[in-house]
């Protein structure tokens, strides 16, 4: 029983953090798109983090994946990594498909909703494959046609792609605990976002002055920051626990993952909100990155869409 | 106390309703830019020509000289009729500069500017905040040097809404070199076409460019444009702010009721993930009911405030209570609707603005609202100082 | 249209405030009971505030009654006044009953719940009559037997009296808008409580020092106090509006009264909570009156019990 | 990271569970007074005699020398078995005085006091806070005058829990006359039977008399009782507080999970005014789910904290995060249950205490919890100062 990062875990965590800070820092979203990002992560081998070694991956677990997505969340990293890496789990039984996903020959969008005859996908560039995450199954669908209608999203690093439902063909599906993997990855990104929001306002509060003092000397700033730290710490510790429980196959893994998700979503929502508010006017300007965290948190909060599942997992008799 | 409207009030309401039904523009207001400013000017001119501009402004300056209650009735009828939102490019002129000139201007200033504000001929912008003087307005540094009968201004102002379309600016500058805080300031009317002014738009996270930073390089302003006395600008500015914090947002306060009505109606239509109608979900319904109650309270507070002003003559620090109530209720409302709307909420195109995607726009606007015009934190300080008379640490 | 106190209203408000502060100040509850209170109010003629002059009352309206109960709330005044004064409205058609209520010959308890065959009443002394408030009707019941079982209440100024349901006999009932009168009176008391909680902490914050400064100089105290003031102001203004709307028979009176009640209950709950918290240790001691407000607010919050009615009134199509 | 328990851990859990099943007292603990103290002493002696006292205290002082994980396991098993609540009259000895003596005491002090704390022979109480030194502990004024080999104490301490039943007190006094703030203080062991001590109970709004004000009139304490150095009492006190803010509330943190389980089970039984089961109401269910998540997080934070201490050796300022989490979650829980319970909640008899009416007691206790041991406001200051390193204004 040890609920903190060991050396190997720290290496993964710092490795991805350094790569992201160098190549895909949060500020990139002020000026550029993420449409080429997948290839860069493919080239570094990050996509195969949790893919078995025999299939060309690094053979690590959902614990390292959680650390990866936490670091990713801190920079509001390229969104497409989430469906791409989850798709690799669905594709396990097809080495060809795994290879095509690992090399980003196939580009995976997230299929987030079905509106009448139309499927709504989210990705940063036109996809070839769509991943649908449901509580009972996670499935990969190939896009047959090229008929994509693009719409802008509040999180400008991605677009919506609307495709006729009939043009999607089932490629592979998985019915085990992949839904929990998805929830865990989302929770991880949200913890990263909440953490970054805290760091951003703390740095600003140290240097910005008003009425002759740094704003960090006012309790109106200090106390909300303290509450932000509480939310991050709670969500992060629960994330660690849930990741371990999932890897170790605990009976209460679903409950633990739900708790992690609920707390991470709350932390991301409240911390990105307060980060803007406590910055004052600067916080609402487009050139300052505070709003990027808010908008990403808004997108993630709606994924994969199983709020009543979360509640049931938390309130079940045996939990 | 009573809620009875006089015969004049009822007659005014009927007249306003009838006129608005016929004259509210069919086409939506363009979201940004010159076209929006033109639209606002035209609507204001139409109001002026048909006798609906400056409801409670004195008749001698072109207003209607009606009561504060009739002003409330007017806003309610505007919200009901879907008339153009009154917080537009005419706002600073009508709600800041106009009242300030009435309180502190010379007779010549009043005669020249006030009717032109009412007719939509002159648009105004504000010039108070600076990059290092936001919440702490008295820290402003933009300097005005007196040379003969002119003020020569150098420096920079920021968060100036619609600066590009404004004809005049209410400009607060430091005219006594080396003066501290609220001493040595002057409030002056600046012609925005003066040489030496450059305007740099600030894009916000909403995607618009309403606000700007304005730079002043040896901008020359006649001393005749000073409102109040040279060096007494803080006093003039306080009357501007008192108005804004007093009754300057009544229209907004009342328009919120219409938004809540729309949200409740939305909750009757949309279904949650679980399949139930949103309105039938105890969590959603409870939150909506509280928002509705807050909105009714905001209307009651507005009427109470008007009654207090009618008997005491001054709005007092309760404007800060109102700003906290209005901005926090608007925020709670837009965040709740964001939950109801699903993916439609996220499909924001950054070009359509408030007219195309009102709920997403309102959601993003909720931070502007709790920050601009004195952050919520500053409003709480004002309440603690002036209403509760708690000891100060500052 | 004038939404503030006129001279006559101010006189009522100040009169009752002075009487309560003199005879029944909040601090009384630290040492004595309210069992003799009704007679004192009867002697001063306060019970007949809203009773028509021809029946021996002062002939005022629900607006003055709201002001009365706001002043009453500030001192957590004798609870029994609430059922007694409402009973007078139910008794309108029987001058004898009115007289017996006005003189406190009859003592009215509030019948708050029916548990199996037992009726649960609340009063500060053994009652002779019970008032039951329901949305569709407000009714007065006579206690036939003397079989009262007494239990202590969190709010120690009152007791619970348990009586067999069969021993209650209908005396009079009323089906018009009396339910709204009850809600309005409760909202008024709650506004008074919320206001008193604010006054109590503001007075303390001016004089109590910590770390070399009055605690009222810390934003951790100042800002919650400001929020308390906002809640009081909102609830108070809405109460005024609702009282007028009810008196003037507005179509939306039910909606307005519901709004007043919801906001008053929130203000009483949150302000009594913060009042204790911001006092620190002193706030939880029995000798300091902060807890009295909290406990009274707890009792009132459960009365008369129509939360779903309130919600419906606020969300109805026409509101 | 991993959640795997070692064979020793599993064996200890099985042993603890088996023992507790057989030995947890059938009769409830008396709520107040001497009877309660006797009950606590007896339970502690039973633990001591059966080898379950001082799970992670060193063996040389009578402890079991087990790991922090096993300490956690012990608390979990106690909560599961309904064992007597460990926050009782033995708390200060076991959680404050004991750890402080281990860190700063002389060998003689350790040998004498520690085993007697473990065996329940000695009960301790705290003597830090004063009427004008609560949150601001360093403002304390109670004076200790050195005369020969004695300290003569005059002054007053307050909020002293269970002072009437305690044998000893951890007493913090100002021994350097005229010294300021945290300088010139001394931490000393005070025999509560010393002449000159008088104890005045403070009734709380819960109806109990757990806390007291203690007056000292020329109370003579041997200098040999000083823990740490004379004049260095602040240093000693910090080690006391670090322990309390570090892992001193682990048992409470874990017991909360059991309360949440009971609340969820309650929500499955009780019906709301509308007739539906509480658990089926979206508002109630959503709030309960969040409380459940917070409770799981508190357990995860506890394990994380233990892991950090295991690798770094020190608990750090995260104890303040824990206290905020635990006290706010407990408050949210008890306030939610208050809504579910209806009239049963209000039927509080003021004599039964926690044992008779646990939910109403917990509801009232929620304020004690967010105030005692450093208010929530002070905890936020500690986080801002020490964890976030924000600039100070104080």
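In this document, chain identifiers A, B, C and D correspond to the written order of the chains, with residue numbering beginning at 1 in each.
We adopt the following convention: a residue touches a chain if its C-beta (ideal position, glycine included) is under 8 Å from a C-beta of that chain, and two chains touch if they have at least 3 such contacts.
Quick caveat, the model's predicted, so the values are computed rather than measured.
S.K.: Report back the single chain whose CA centre is most distant from the CA centre of chain D.
M.R.: B
S.K.: Any chance you could check whether A-D or C-D wins on number of contacting C-beta pairs?
M.R.: Between C-D and A-D, contacts are more numerous in A-D.
S.K.: In whole angstrom, what separates the CA-based centres of chain C and chain D?
M.R.: About 39 Å, centre to centre.
S.K.: Which whole number of Å gives the spacing of the CA centres of chain A and chain C?
M.R.: 51
S.K.: Residues of chain C that touch two or more other chains: which are they?
M.R.: Chain C, residues with two or more chain partners: 218-221, 223.
S.K.: Pull out every residue in chain B that's touching 2 or more other chains.
M.R.: 286, 377, 380-381, 393 - these are the residues of chain B that touch more than one other chain.
S.K.: Once bound in the complex, which stretches of chain C touch chain B?
M.R.: 1-6, 9, 63, 198, 202, 205-206, 213-214, 216-219, 221-223, 225-227, 229-230, 233-235, 237-238, 240-241, 243-245, 248, 250, 255-256, 258-259, 262-263, 266, 310-311, 314-315, 319
S.K.: So in the complex, the part of chain A that touches chain C is made up of which residues?
M.R.: Answer in residue numbers: 218-220, 223.
S.K.: So in the complex, the part of chain C that touches chain D is made up of which residues?
M.R.: Within the complex, chain C touches chain D at residues 112-113, 115, 120, 151-156, 160, 209-211, 218, 220-221, 273, 276-277, 280-281, 283-287, 290-291, 294-295, 298-299, 302, 305-308.
S.K.: For the complex, which residues does chain D have touching chain A?
M.R.: Chain D residues touching chain A: 1-6, 9, 69, 264, 279, 285-286, 288-290, 292-294, 296-301, 303-304, 306-308, 310-311, 318, 321, 324-325, 377, 379-381, 383-384, 387-393.
S.K.: Touching chain D in the complex: which residues of chain B?
M.R.: Result: residues 281-284, 286, 393 of chain B touch chain D.
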